[in-house]
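Chain naming follows the written order as A, B and C, and within any one chain the residues start at number 1.
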Amino acid sequence: MNWFMRFAKSTIGLKITMAISGLVLFAFVIGHMVGNLQVFLGASALNHYAAFLQSEQLLLWIARIVLLVLVVVHIWSSVVLTLRAKVARPQGYRKWQSKASTYASRTMRVSGPILLLFIIFHLLHLTIGSVHPDLQHCAVQASGDLQCFAYQNVSAAFSLSTAGTTAAIQGGIVAFYIVAMLLLGMHLGHGAYSMFRTLGLTNPRYDKMARAFATAVAVIIVVGNCSIPLAVLTGLVGQAGGH
Amino acid sequence: MNLTLHVWRQKGPSDVGQFQTFQATGVSKDQSFLEMLDVVNDKLELAGKDPIVFEHDCREGICGCCGFMVNGKAHGGQPETTVCQLHMRSFSDGDELIIEPWRSAAFPVVKDLMVDRSAFDRIVQAGGYVSVRTGSAQDANAIPISKEIADRAFDSAACIGCGACVASCPNASAMLFTGAKINHLGLLPQGQVERFSRVQAMTQQMDAEGFGPCSNHEECEAYCPKGIPVEVIGRMNGDLLKAQLRGRDS
Amino acid sequence: MTLQSNAPGGDIETAWDRHRFDMKVVNPANKRKYTVIVVGTGLAGASAAATMGELGYNVLNFCFQDSPRRAHSIAAQGGINAAKNYQGDADSVFRLFYDTIKGGDFRAREENVYRLAQISNNIIDQAVAQGVPFAREYGGLLGNRSFGGALVSRTFYSQGQTGQQLLLGAYQALSRQIQAGTVKIFPRTEMQDLVVHDGHARGIITRHLVTGKIERWAADAVVLATGGYVNVYFLSTNAMGSNVTATWRATRRGAYFANPCYTQIHPTCIPVSGGYQSKLTLMSESLRNDGRVWVPKNAEDAWNAKAAKVGRHPGDIPESDRDYYLERRYPTFGNLVPRDVASRNAKLVCDAGHGVSFEGNGVYLDFADAYERLGRKEVGERYGNLFDMYQRITGESAYEQPMRIYPAPHYAMGGLWVDYNLQSNVPGLFVLGEANFSDHGANRLGASALMQGLSDGYFVLPYTIGHYLGIQGPRKSSTDWGEFAQAEEQVTDRINKLLSIKGKRTVDSFHRELGLELWNNCGMARNRHDLTTLLGRIPEIRAEFWENVSVPGSAGDLNQTLERAGRVADFLEFAEVMALDARQREESCGGHFRVEHATEEGEARRDDVNFRYVAAWEYQGVDQKPTMHKEQLEFRYVKLTQRSYK
């Protein structure tokens, strides 16, 4: 195990840890988005999908724990690496000019923590419900079926006219979601590209493709995820579409 | 032309250091950057003052001695050009230049613009070689090597060990330098036997020297005077991962 | 003292094998009882230190740069010769031997050169095994190019960075030994003196360039691999730090300096552009394969900023007003004549006022014909790197107008005298690489210095030093010997003296002045009168230096001015021996051209009857004339002929 610990603590080992955890989170983000886009198929589609996820509590909790651990691992390695980077340059330059790095690459350490805040907020908002005006949890119906209300929850979460809250608060929440998604896009745009290199999946011939792939995926994620609150705002998704 | 130089002066590793301003007058556009500094130094010497210390030897971009930041750009930032090959025609009259040493914990300042890069030597000592005894080699043509592989190995081997990659990296990482040597030897058939122990030993030493991690900013590649590609970092990471999967220890 | 070459007689082909068999071998278990000092980490020093470390000796290795990898060998561009005959063009050990002797204008020792040609093949094997990425053909085998007027293709190369790749190979081998603990490396440490005890070289005195600390080092033998001295001219293609200090200090301790007047002036360098110039840049000789050399026929067409001559743009000078002087004078070899001939002719046309450059020192190297014949793309592929480098330095594009080139001091054939074992006349002092005089005679062929440095370091010294150590047996060494104290005191005194002058001139101004005197009077063309004048000038410059140089700062600190001052002080003494040697050699041979000794057509005329010897100079004190010793050269295998490139 000695060699393993040495590897795990090494700079490249930590990077690989971050890349693998990031990769799984990345896969989750995609799956999560695809699932949620069912909102456009109507209330019953989304609610059935939600019920399906809730039906296997064991699997659900395993997935949640794995994701939680990965987030912790991801953050932990990023913190260790960031500290190492600071120690490696105790004195900065009076002037420094970038020639190749991107805004996204330079702001990973900003976009990451904001994403963490977002994740926490998102869980409180749409999973736990403590910051939601009226979150309806899934419930077993008399028929024995599990009934979920994801569609109604999403509509209420982003609609300006939801009762029990103000339009200003709701507008702020939507804005936060959209900003967070833009940051996620940036984080992943650089992250996914970075991942290829961190895992040694590089070849000069495919380098451009990796860049294009990462950018495309980032754009899809931003557009896909933002479309949901925007659809609620524009009325495309909402009470009308329900039942 | 006339220029204003703000040059970092530091007596030794424990001195705090500060910027000092000099006027470079009557600079010719055909002068190299170091020749411009030579003239400033001549005046300082005649005034009995300490001239600005900077490292240099070949002055043709191959020994890797020279290197400092000019206006925030390693080696002055011209494509594939060391500061000894940078010429004053890249500047114009009245320019103000900020001249700073490489800044990295692993490269302590020796004096003024000169830093200690012996960390690079220790990374190579950790395993950057093929263990072959003098006189024991077989005929040079016994193992054919495809031109493509030989050329790629050469491209990595062209590193001059100047440290611009570390200096320009926001994390002060030495991944480009270390990756270049690992890649050079790792591509060639002669380097295969020690390929995995080499990558483990060299990257361990790289960490021990206090270089930072890679965030794939790719500033190193952009400022590297020899155009070493960031691909070498990917291959090094991959080799280290493979070495782990094989469960080998060096 | 008569100079014994100690070369084995008899059949030259078996000489080295027989010699190796006859030499003493040190028992492996005993090797670590011997400490060997190696000064220098260039090709010669690094390969020697690595190999001796590997054999088990205790090696102390010094260099003045911050890392052994930065030795001046790193700058070599063109390539390295070997008699592999991979191209099947009838190359052989004998042919390489013959070419090297002839190229050196019959002023080198046959046995040494033959051994060099034999070992050349092992070097390539060794380098490839180390991972040196030589150029390859599409089939995967090693590629070769032809170089420096040779009729066969025997030069191995790594693009334009062969020296770098070979040095990194040696540096890596050295790093492996440093890791293994057999070699201790001392960078940023400059040798200041040699210590001789009981007639044997037993140690050195060094100065640490950062702390200024003066230290004593004792050993069983001392190896100098400190490179060449052409920086005596101030402007040269050598690195700024290249110096004569180590070899000159050894000369002052009794080692003989051989053939100091043999210096090589390389024809294709970028001309001087102004008075601030600090060094000259070499452009690979391969450019002459496709470029045509010319100057304007009418002197008034030539641009010369210093003489306030505007001249005409080269593109506006019609064919009929151009003088392709090499093609005119040497119809057979044309632009491909050897280095010394090309350089001398450039000087002749420039002296006659046809030179084009800032100071009128330059000739055109024109690729217009090549563009027509091969196309721009092909020319770009062959020389694009060099064109880029040229543009970076001059701001001019060789695609748009002819390049301007001029000769520059490049290599020192002379050096400390050594025997077949690479041992100097001081027992226990061995000298390798460019620092010795051994293999290139009066002129070095392209791609043969790298070969010699590695041959000396990897394959010759490790055997011959064993013989010396074996005979001596393990001895006690001590830095308490009186000679150490005395040498250290002299070193300290000299440094303090330099710091106390506090004069009005910079170190560089003296170096420039000395260099210019040498360049004008002991450069490409020499004559008795000018050399005599020069011999009068040198002591004057030296005297002024010691009265009027300004060296600020202190001794106990990093002081780059002090470093340079020490080097220039040694050049100022050494230059005199160089001029003396040039004056006594009343013949023209190789890089040494005496205008009095030329044929009617102005070509070099050797005098094999009177000057077929190596001149080895023994130091007698500053301001004293050194004594010259002769080693007669015998040619048993090669017939002496007059070189002709007409």
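The definition used in the following text is that a residue touches a chain if its C-beta (ideal position, glycine included) is under 8 Å from a C-beta of that chain, and two chains touch if they have at least 3 such contacts.
Every value quoted in this text rests on a predicted model; they were computed, and no experiment measured them.
Seen from the Cα centre of chain C, the chain whose own Cα centre is farthest off is A. Distance from per-chain Cα centroids to the pooled protein Cα centroid is smallest for B. Centre-to-centre, using mean CA coordinates, chain A is 39 Å away from chain B. Chain B and chain C have Cα centroids lying 27 Å from one another. Taking each chain's centre as the mean of its C-alpha atoms, chain A lies 65 Å from chain C. The residues of chain A never reach two or more other chains; the list is empty. Across the interface of their complex, chain C is touched by residues 28-32, 34-35, 38-39, 42, 44-46, 48-51, 53, 55-65, 78, 81, 85, 87, 89, 110-111, 114, 116-118, 120-121, 124-141, 144-147, 150-151, 153-154, 157-158, 160-161, 184-185, 188, 190-191 of chain B.
Put simply, chain B touches chain A in their complex at residues 6, 19, 69, 71-73, 77, 98, 100, 103-106, 168, 170-173, 203-204, 206-207, 210-219, 221-223, 229-231, 233-242, 244, 247-249.
Residue ranges on chain C touching chain B, taken from their complex, read 47, 50-51, 54, 65-70, 72, 74-75, 84, 86, 122, 124-131, 133-142, 158-159, 161, 164-165, 168, 171-173, 175-176, 178-179, 185, 187, 210, 239-241, 273-274, 276-279, 281-282, 358, 389, 392-395, 458-459, 462, 502, 504, 506-508, 550-553, 558, 560-561.
For chain A in complex with chain B, the touching residues are 2-4, 6-7, 10-16, 81, 84-85, 87-102, 105-106, 108, 190, 193-194, 196-204, 207.
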